[in-house]
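Here's the structure we're looking at; comments come further down.
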Amino acid sequence: MSTNTTQSRLGEFWGEFSKEKSGIVGLILLALCVLVVIFEPLILPWKEVNNKWRDIDYWQDNPASAPPEWTNFFSKTKSPVTQRLTKATREEVDLEGGAKMVTYTLDYKYEADKAPLDVIFHISGTGDIPMVVSIERPDGVKVDLFQRFEQGLANQDIRISADNDGRNSAFAFVKQYESEEALEAYSSSSLRTTDLLFNTAQQGMARQFKPLKGTYKLIAQAMIMDPANMDIKDPYVVVTGSVSGLLGTDDSKRDLASGLIAGMKWALLIGFLTSVVSVVIGVLYGIITAYFGGRVDSVMMFIFQIVNSIPVLPVLIVISAVFKPNIYMLILVMVLFFWTGSVMTVRSMALQIKEETYIEAAKALGAKNGRIIFRHMVPLLIPYSFASMALSVPSAIVYESSVSLLGLGDATIVTWGQILHDAMQGAAVLKGLWWWIVPPGLLIAIMGMMFAFIGFSMDKILHPKLQTR
Amino acid sequence: MEKLLDVQNLQMHYFTSKGAVRAIDGIDLTLMAGETLGLVGESGCGKTSLGSSILRMPSPPGRYVSGKILVEGRDIIPLSEKEVRKDIRWQKIAMVFQGAMNCLTPVYTIGKQMMETLNVHKEVPKAEAEALIKEYLGYVGLPAEVMTRYPHELSGGMKQRAVIATALFLRPSVVILDEPTTALDVIVQAEIINLLKKLKAQFNLSFIFITHDLALEAEVADRICVMYAGRIVEIGPNADIFGKQGPAHPYTQRLLAATPRLFKKVEKLQFILGTPPDLIDPPKGCRFNPRCDRAFARCHEEVPPLEEVEPGHFAACWLNSHS
Amino acid sequence: MYKWFAFKRILKGIFTYAIIIFVLSALFNTVTDKTVRAEIEEQVRAESSRLKNVPPAAIQRFQEQRRIDLIQLYRLDRPLLERILYQTWNSLTFNFGKSTIIKSSQGERDVLTIVGEALPRSLLLFTTATLFEIIIGIALGLKKAQKPGGSMDRITSVITMIVYGMPTFWLAMILIMFFVYNLKLFPSAGMHTVPPPEGIMYFVDLLWHMALPLLTLLLIGFWGVAYYVRNIVLGVLQDDYIMAARARGIPEHSVLFGHTLRTAAPPIMTMSILSLLASITGAIIFEGIFSWPGLGNLYWIAVQQNDIPVLMGDLTITTGIYQVGLIILDLTYGFMDPRIKVGGKA
């Protein structure tokens, strides 16, 4: 007598499943995704992406709409890579009256063929700090970019951007090599400070960019008047290159790699919750309607037909537009539609099982309905349930991304659909910003592919007739 | 009397992932004009495989390994599929399959399927074709309006008759019938058998009648051929095998003994111990030796050949052997 | 016999449809109410601005009176259930009223006209796509079923799985980026160039605009059909009657296209029609990306512009198409599969 227990069925199922190569590949990919979610805090390039996705300040040092770093590999003219320099040497010189002159120096190795977009100094200051920020070029020229007197700071960030704050000094520097007329011809708006700072010093340098490669020293010097209560520390410099990050940036300067990694957990959450809950409901619904038959069946099938005939996406859109739900509400609404998916097949399978003599026997023995359903019918439908779950995950993810694409998704979280929405808003298609468009959709497609592998292998086990020798 | 069919040392194996199943392992067989050759044996002995092999249609993954099948003197194994389809199938050899109820395509009417079969083999104008179909439907006792019906609208017996009509209307010389009545109730079975006898006489047909039902075989066959594990173990005239002397092979003897008699009271039904052997790795020597109660040393070592025990009656058993 | 069945089925369809519209009306009730109230306000203000030389107090009274009148006219003062039923009845009789903002191509604001214009455009695109998908899918599926487990079968199955979860709108974005902006081969949006050319060029222009959306749909669509066809056909090929047909000497192509395909036709047609219906109802984003002026695009514009009458009209028609499709499927299934008594020969 075969044991129909849930356990033995699962074991049998796993045995068959492991023979299908594509199924195993799917599982491995799934495991990788889960690992990404678990280790997200470690692998995120920008750690606070989850909270600060819409915080402009968080991303302000990045370039906007910048292609990924590795595109440099494919082009002859190398673009500078966005970097964060944190290694600084601190020098202190004691002055009269108990004050100190603190100098921080950071090195920047410039090897690219194009100028960086900006060089941004950050330093934490406490108290009243007069500060000078300068750059020493490989050719020995030192340009004082900016002087500032910050007052009343309480360990706050001082941000000095070469492009904004250092414009005048840069132009003063260039005046030595260009005539007034030439400079006016190239009005200050189109030339960046960095186009001049990183340029070889020569005649006509405003018109032509010849990179001066080498090690640049970025220096911040401040006079600490009251060392007991004032100080500067933790300096870092962000060189805003024209390529940035693993997957580039969007037009709001956000690092896309971080956004996409952060989106992984939501995709998995949406996929799993929606598919598991809706399939469980659908399977139970199908079994119950088949088991009890008669009036129960008529009523339940009628309800089923109504819900099944309501178009999902339009309703989903209006509900999202009117009620602005968060992600869990969205999942709930999706479940309310998705459960119908499994009902028909489960119902016909359950009808067949119902005709089996052992069901009749169980009833004759006086077994309760619940017991018959859960002990005899559900285990037989578990393989189908798993296949069904796996195959509905991609739809759930695509529905959510559709809703987000229209701008109606949960604004507090980062999902791949939202990134695509921003891409559409930012006319990425028109501008050819492929790194913004391809990865999010590709990830959605890969998730779909992954679950398709898993689901189809399960499907094959359920229909052995269709297997090939 | 001409030899319609001459099977010489045929070997056909099924090449599965677990090994080669030696379903037909050295069969010699002849069919003469006008006779009914009965092919009998347990499930899995190879009789259905033999039937489809003679039609040059072994079920995949089956393949011919060696031997010849001569149809009116012509070996059909090396022929191309096209030649077999045009000349042999249905025109020289037709087959009535096991479970004829499933042999008709459910979405076409009977008439359409019969017409299609006819048109594939002969160029006949529509009116004539229809007339021919109606004629044959008449022979099998079906009304002409059956032509407009779909298979699911007919009873099992009616479907069987339609299939028989289709098998016959090209006047093949050989008709292979594989368990033609197994799925029918006894009354319909009797009707069909009578019909077959009548048609055989009417058109001078030759049958290969495959069944596991020994009693049925005794009723219809002129010669009986007993198969076991892919081989023929006994072959001889009906009268000899079921006559006074009885069968010469232990297997046939036990089959006969296992058939309950109507007028004899039995305490316990006799049966044959054991199960048919694994055809991927059959037993050494005589394949029946694991189940034979009279097996001795030689049986386990050497394969017994078919030897004549009386004129026209052959058996493959060391017990009968003269050597 | 059949007529009676058909009649019952259509009746059942209408009844189901009414219930769905009722549910939808209930769902959107809050939104519809808000819109009507806003419209009333506008109307009241418009009317009162035309009053001249009337003291402010009188204007005030006039406005209040008008408000009450209009609210009564639009039944906003009635209980909730009655309002929903009223809305349901209007929708079912296709009495959608006027749009708030959206205009038809002739500049009209009649919702029925607006939706009616969009409908054939959606049908054109998706029916054509489905047709191609069926043809290519059946051809490929048959090829796969003939050599199951072969390299063609396995490779195409893997591709099927790869595109399974691929969002059509994303593929659309990529193809647009490449073909429209990079290679400049196709137009970026819409159904026609403005202004549309005359004569035969009109159709050529239409085809040119249709090419990219069609391509996008096809690239993802036919694999699933092929997979499904392959499985159904494989199942049929293992049935006894196929072997019997071969034994009768029926040539292989007749066996495949005649006996096998004909038997496999009902489930394949069912799946194709259902998928066509699904693609029309889900087309909102896809049409949006291509600015294809069909029902989906209209729906989205209606949501964005808060044009509720058009929204309800679009939704009603879309749901209606779905129901009609299901009814047609049920009624014609019998013709395809003679084993099903209804619809075929009784």
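Here are a few things to note about the model shown:
The letters A, B and C name the chains in turn, as written, and every chain counts its residues from 1.
Throughout what follows, a residue touches a chain if its C-beta (ideal position, glycine included) is under 8 Å from a C-beta of that chain, and two chains touch if they have at least 3 such contacts.
Because the structure is predicted, anything quoted here is derived from the model rather than measured.
Among the other chains, the CA centroid farthest from that of subunit B is the one of A. Ranked by the number of C-beta pairs in contact, the top chain pair here is A-C.
Mean C-alpha positions place subunit A and subunit C at a centre distance of 33 Å.
The distance from the centre of subunit B to the centre of subunit C, each centre being the mean of the chain's C-alpha atoms, comes to 57 Å. Computed from the mean C-alpha positions, the centre of subunit A lies at a distance of 69 Å from the centre of subunit B. Multi-chain contact residues of subunit A (touching two or more other chains): 469. Contact with two or more other chains is made by no residue of subunit B. Across the complex, subunit B is touched by residues 239-251, 254, 258-259, 262-263, 265, 337-339, 345 of subunit C. Considering their complex, residues 52, 55, 57, 59, 85-86, 89-91, 94-95, 97, 99, 102-108, 113, 116-117, 120-121, 150, 152, 166 of subunit B touch subunit C.
Of all residues in subunit C, only 16-17, 19-20, 23-24, 27-28, 30-31, 148-149, 153, 157-158, 160-167, 169-171, 173-174, 176-177, 181-182, 231, 234-235, 238, 281-282, 284-285, 288, 299-300, 303, 311, 314-315, 318-319, 322-323, 326 touch subunit A in the complex they form. Interface of subunit A with subunit C (complex): residues 22, 305-306, 309-315, 317-319, 321-322, 391, 393-395, 397-398, 401-402, 405-406, 420, 423-424, 429-430, 432, 434, 437-438, 440-442, 444-453, 456, 463, 465-466, 468-469.
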